[in-house]
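Look for subunit A in each of the two complexes below; its partner is subunit B in the first and subunit C in the second.
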Partner chain A sequence: MKVRRAISTAVAVIIAVIITAAVVGGIAYYAALVTAPAPTPVTKTVTVTQTVTKTVTASPSPSPTTTPTKPKPVIKEVLIGLVEPLTGAHAVFGQEAKMAAELMVDIINKELGGIKSLGGAKLKLVVEDCGESPETGKLAAEKLVSQYHPPIMVGAYISRITAGVAEVTEREKVILVMDALVDELTEKGWKYVFRVAPKASAHGKSAADFVIDMAKKKGVKVESAVVMNEDSIFGRYVANGAVIELKKAGIKILDHLEYPYDISDATPLVSKVKELNPDIVISVPYFHDGVLIAKTVAQMGFKPMFIAGAGACGYTDPDSIKAAGKAVEWYTNTYSYNPARPTEWNKKVVSMFKERYGKLPTEAGGIIFYSMMVVKEALEKAGEMFPDDPLNPDHLREAFLALDLNDKNSIAAQLYPTGRIKFAPNGDNVYAGTAVLQVIKGEPRVVWPDAEPGLEPIFPRPDWPGK
Partner chain B sequence: MVKPVALLGGKSALYSIIAIAIALALIPLVLGYNMYYVYLAAQVVLVTIMVLAWNIIGGYAGQLDLASSGYMALGGAVSGLLLAFYNVTPWLGMPLGALTAAGLAFLMGYPTFRFGVKEVWYALSTAALVVILQRVFWLIYGSTEIYMPIHRWSWYHLRFSRYEPLYYMLVVILLVTLWLNIRIKNSKLGYYLTAIGEDELAAEALGIDTRRYKLYALLIYASILGFVGGIYVNLTSIVSFRMFDPWLGIVVAVMGIIGGLGSIAGVFMAAVILRTLEEYLRSMFGATIPGIHLLIYGLLLIVVGVLKPEGFAGFLKYFRRRLARGGSGG
Partner chain C sequence: MIDPAYVTQILINGVLMGLLYSLVALGLALIFGVMDIINFAHGDFVMLGAYLTFLIATYFLIDPTVTIALTVPLFFLLGIAVYKAIIKPVLGAEPLIQIAVTVGLLMFLRNLALAIFHAEPRGVPYTVFSTPITIGPITIPLSRAAAGAVSLAVLYIVHLLLTRTRWGIAVRATADDREAAALMGINVERVYYTTFGLGTALTALAAALIMTFSRADPYLGLLYGLLSWVIVAMGGLGGVVGVLASGLILGIIESFGMSLISAGARELFLYVTFLVVLWVRPRGLFGRR
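What follows is the complex of A and B.
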């Protein structure tokens, strides 16, 4: 009896709750729909100070039908949202990205006089920490959007967090300039995302291109290759990029090997590669595995024509060189940013970064350098193309797509490894490419595509016995 | 919060649930349908469900279970992968997820209880379970991240461009979990579990089939989490091996303990307050002084732990006593 009564009250409660929820939810949705045309009341915090000044002068209005010319908005400040992992496991990258972004905003506002086509509007950075999970990433993005609704956001370095952020920006029609490299992010049909940085497969492609280019220059013939990678989503994409490029060049892939990134003994792996005896090896290491592989290769006396790394970690970073010593001599790796690129602005930005923070910029900071500068140049373009409403998301998108940047006409391109930036409709840079660093006499040096002055890549490996 | 004290009693439980239901139903309205706050509210409700579910095994039965995130992620993976790969609706995926989680809980619970794995060793084995699940998922799907399909408003896929629908679904699950907590507390199962939690040997000596009732508690706990996993996955729209997060399992247990083991109102308050506070600190200080929010959060946990070892429930009792005395004296 008692149990039955309890169940019926419980059922009553649940029904009551569902009804309340449905009613309130319905009202909620209706209210949201009604207020939809104007961004939801709470998110309406004024982002761009639009003091409307009536210019009655004959402004070049594209619409000839309306005689009273639209008032041209005067924009004093453009907010740029920055979402980076400032805490947690990836904080090192996020912190450097934030430093780089702050530096770039200062350069744009002070040295370049803001956005000229918008009447010298200044950029203002609003920063949010996205932690280390997709949940906090989404929370951070929602918060930035609801508090400031910036027209453009930059972030979030880690691909799974970026995916969460992109869902929010896509819904809110905020342009997201991504500094995360996993290929999939630009393959989901998102309309408002752009990525200047070379995606993962572009890293693999660059490693392959480097080897093919060098072989041609040195007059040696590469016939076969083995590609191997640590088994992370990033490593796999990088390796696939290399495989596709090598196949295109008619090089035979003897095997594509995957191993766990925390591998503790590389002997079986290396002996398998040695048995296959390829001309070249393209390897996508994490950190520790790279050290192991290099040491094992040296121990087993495996002497291929060349071993090229790809994917921006392992082999050529100072810690790996310290740990592996002589074993990583002549190894290369690909990077999304080339701190040694000898262009006027690149030298300037690197020296300013060094002066302000006392260290050299790495991958995370470098990507932000050119991403922020592309944002600036896209805003310039938007101001020229759509003087009446430059910050409209669709106008911004068109401005990004209209960019065709090279060393001569753009600062952003000067900061970019290949020196060219142009976006495909999916948001990827058509001319994406990386820089290649090589360990020469125990030092990581930039050797390709623009070598440091007076430096030549060492290819093939000097200990290669030849064919 | 509307008189959570009342939750401690059995009679007014109904009114409390209704009050909480109305309060939670009105929250999005009060927050002006601001997406950030609604998303945050959904996160808070989600954690509260986890902690309340944990309360059944951890609070009542006194088993320090650290696998809550494992069961939730498993249910989420089942529902999410079915949706992503086979376009199966989560309405089917979520019960399946609950069933899978319960199945795993049985496989886990039966031998551990049979062979008397207790206390620290039980905690260790449950913590290991999360790691094992994570590795198994990693072996099957690698580190690939699986994204949920994008729909602007689809009840079939449970994919929305706003968070309110999922929030209300979570609220319903929360109320069911709350009601289950109350029901169990005032039932034979609850008394048995409390006895087991107090002293397992004594309970066994009294003739309680401790193995069976512990298993019941574990199954209920795992099914709730497995069910809610489907919503969790749709909320974050991503399935990856990182969902099997050992740290989250510990956080849930810590919240349950801080709330006061077995006290529904205390546990409820602890989850709501701590999760909201955590996010508040993150958004306040995360960008300016990175890491300080973790420090403050940790300090708060220590302060509560030292001042009131019996948790939030201790505070509640204290206030109730003061109220009973007419607010005078201490």
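What follows is the complex of A and C.
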């Protein structure tokens, strides 16, 4: 009997091992398939031999006859701190931001000859990982400040981490160019923060503007709308931006629904929207709920005039399209960057990025493209306005505020969806706006405000039965 | 005045989802009822099943519901393996140790999914159950109707298994008194591993149904695990009927709450219901002991 038991235990253990191996192996095989050859991240070890932005004062003149003049600083290098989530849950964004920043620094230094007004000073990137939380973000910022004290920092994509970073940069009087979108960040009275990217509410506003603009072009009348969002602070800001813009246009908001993004079932939600029967729906999803909502809308046969997404998460990203298939056809979403914008420099930067890293830039990289170029423009301006002390934080702030960029006078604006950049005193871009992507035949395509060549937004939804 | 058709719609939504919730919780109820062990990783088996459904369905380009032919037997074996490897050594051990073991399994599965699939949702972009059934003003997504019908059928089958077969009698006897059952000649060990296997296999079935309308993500386990626990605790040890009743109650309350009050307070409705039920009947709706 003992032998039999031993055999059966052995068999069970073997089966267990085989099944576990098969499951893990299968999953790993799949993972190997999906994670296509990832570009090897360029890890640069930054040696701590340099001091702060090098200011070499002219040596005292040996000749006693010259009149004493104030020594003019010679700046050879301007350090730019980059704080991004390079590890953890948000690493995908941080890694791409780092790639984009490295590319832009190379373009600025090599192709554009550095900062001309500072005698061709070169930019040098110092990078720090801000991890996953506001605390680690703060630590990263502290580390950069104590080691290098860069005059300008860029980061940190995730809004709550950025808030942690900003606490340090404000205290240390370091300019922070934020690539995070929650409105709040520019509402705290911080003095040294700037944000080129469209904030959350600008995403909602753009989604509404897109629908209103298309309805006008196609001669259909939009009278009512339902706005719904996942109930994070970001989702709420985006949705509020849409609500305000729709109300301004005289469109009746039948309801504004909020829900947790990890809902298991969207039928109660979609049933409700269907019952309200609005002309259009503006939806601010996260990724998971986006798939669920799109599938439920299709499976419940709900056919409104249009469903516009906002907030750059879900519906039109490749993973959501893969997961939801036909259900997300004709859905749109708003993005902080337009890789298809047909300006000279945008085309050039996109192709250089593609050549260097083997993939198209997404939003995380795109925001860095124009943010870094704005940093360059601001440094140029500071050199012109304050030749004696261009890197003083208050002088830099004034230089940022003095910028008024458009497609003709700057590269930065050519990379920006609306083609215009000018900062309000709170640090936000007055001309903030997004690009709209639409799923057309299973592919995300840029359709608004500058559509890809030969492409037109599909509006209203072709399956809309009409009023 | 709320449209009666809309109320009917909400009720149907709730009933269908409640049936599916019952199916998800059934495996946990079986395991807990028989072995007195709290399997915290239950929801994460659902998550694992969802990913497996996704992988198989998209690899062979088959409907997510067809994958059960593979996933259910596989999960039955996986359940037995997990039982033999992890659960058996801690049976009868301190509750704290049992909790540590199953929570460890939960963390392992969740982080495995995060490492491999990252946080992006994965879904099967097609299913034969993609059209709605329309009866007058009421719309029922076929996927949800199918999920509800299959859940009900499986609940009934498991009920029959427990009440009409020798195996079922052995299971119930073991649940009532392990030592007495062993003395009566029941192979308790076999009862345990078959129950654990069945409980795990049911999660694969539920996962396939979920994948007809939803998606897989690493945190799916959190969603269904917690819900299963509430259902089992609410149902008391009332077997299949208790699970069905609690699942339906939660599904209907969730649907009405989300539709008529606030979609944002979904979990509030679920857990307030849970607390109220346990306050009124501390041993659950069908508590015996």
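One rule holds for everything that comes next: the second predicted complex is superposed on the first by the 398 of 467 C-alpha atoms of A that agree within 3 Å, B and C clash if a C-alpha of one lies under 4 Å from a C-alpha of the other, contacts with A are read in each partner's own complex, and residues count from 1 in each chain.
Convention: a residue touches a chain if its C-beta (ideal position, glycine included) is under 8 Å from a C-beta of that chain, and two chains touch if they have at least 3 such contacts.
A quick note: this is a predicted structure, and the numbers were derived from the prediction, not measured.
> Touch test for A:320: subunit B only (first), subunit C only (second), both, or neither?
In the superposition, A:320 contacts subunit C only.
> Using the superposition on chain A described above, determine whether A:160 touches subunit B (first), subunit C (second), both, or neither.
First partner only, subunit B.
> Under the stated touch criterion, which partner chain does A:145 make contact with: subunit B (first), subunit C (second), both, or neither?
first
> Mind working out whether A:453 is in touch with subunit B, subunit C, both or neither, as first, second, both or neither?
It touches nothing on subunit B or subunit C.
> Going by the contact rule set out at the top, does A:288 touch subunit B (first), subunit C (second), both, or neither?
second
> Is A:219 in contact with subunit B, with subunit C, with both, or with neither (first, second, both, neither)?
In the superposed model, A:219 contacts neither subunit B nor subunit C.
> According to the stated criteria, A:425 is in contact with first (subunit B), second (subunit C), both, or neither; which is it?
neither
> A:231 in the overlay: touching subunit B, subunit C, both, or neither? Say first, second, both or neither.
both
> Which subunit A residues contact subunit B in one complex and subunit C in the other?
Residues common to the subunit A contacts of subunit C and of subunit B are 9, 13, 16, 20, 24, 27-28, 31, 231, listed in rising order.
> Touching residues of subunit A toward subunit B in the complex: what are they?
6, 9-10, 13-14, 16-18, 20-22, 24-25, 27-29, 31-32, 40-43, 86-87, 91, 95, 98, 127-129, 131, 133-136, 138-140, 142-143, 145-147, 159-160, 163-164, 167-168, 171, 182, 184, 188-189, 231-233, 236
> Sort out for me which residues of subunit B touch subunit A in the complex.
Result: residues 14, 17-18, 21-22, 25-26, 28-29, 31-37, 39-40, 43, 142-145, 147, 150, 161-162, 164-165, 168, 171-172, 175-176, 179, 183, 235-238, 240, 242, 245, 279, 282-283, 286-287, 290-291, 293-294 of subunit B touch subunit A.
> Mind pulling up the subunit A residues that touch subunit C in the complex?
9, 12-13, 15-16, 19-20, 23-24, 26-28, 30-31, 89, 92, 228, 231, 257-260, 262-265, 267-269, 271-272, 274-275, 287-288, 290-292, 295-296, 298-301, 319-320, 322-327
> Of all residues in subunit C, which touch subunit A in the complex?
3, 6, 9-10, 13-14, 16-17, 48, 51-52, 55, 59, 74, 77-78, 80-82, 84-85, 112, 114, 116-126, 129-132, 134, 139, 141-144, 210, 213-215, 217, 219, 222-224, 227, 254-255, 258-259, 262-264, 266-267
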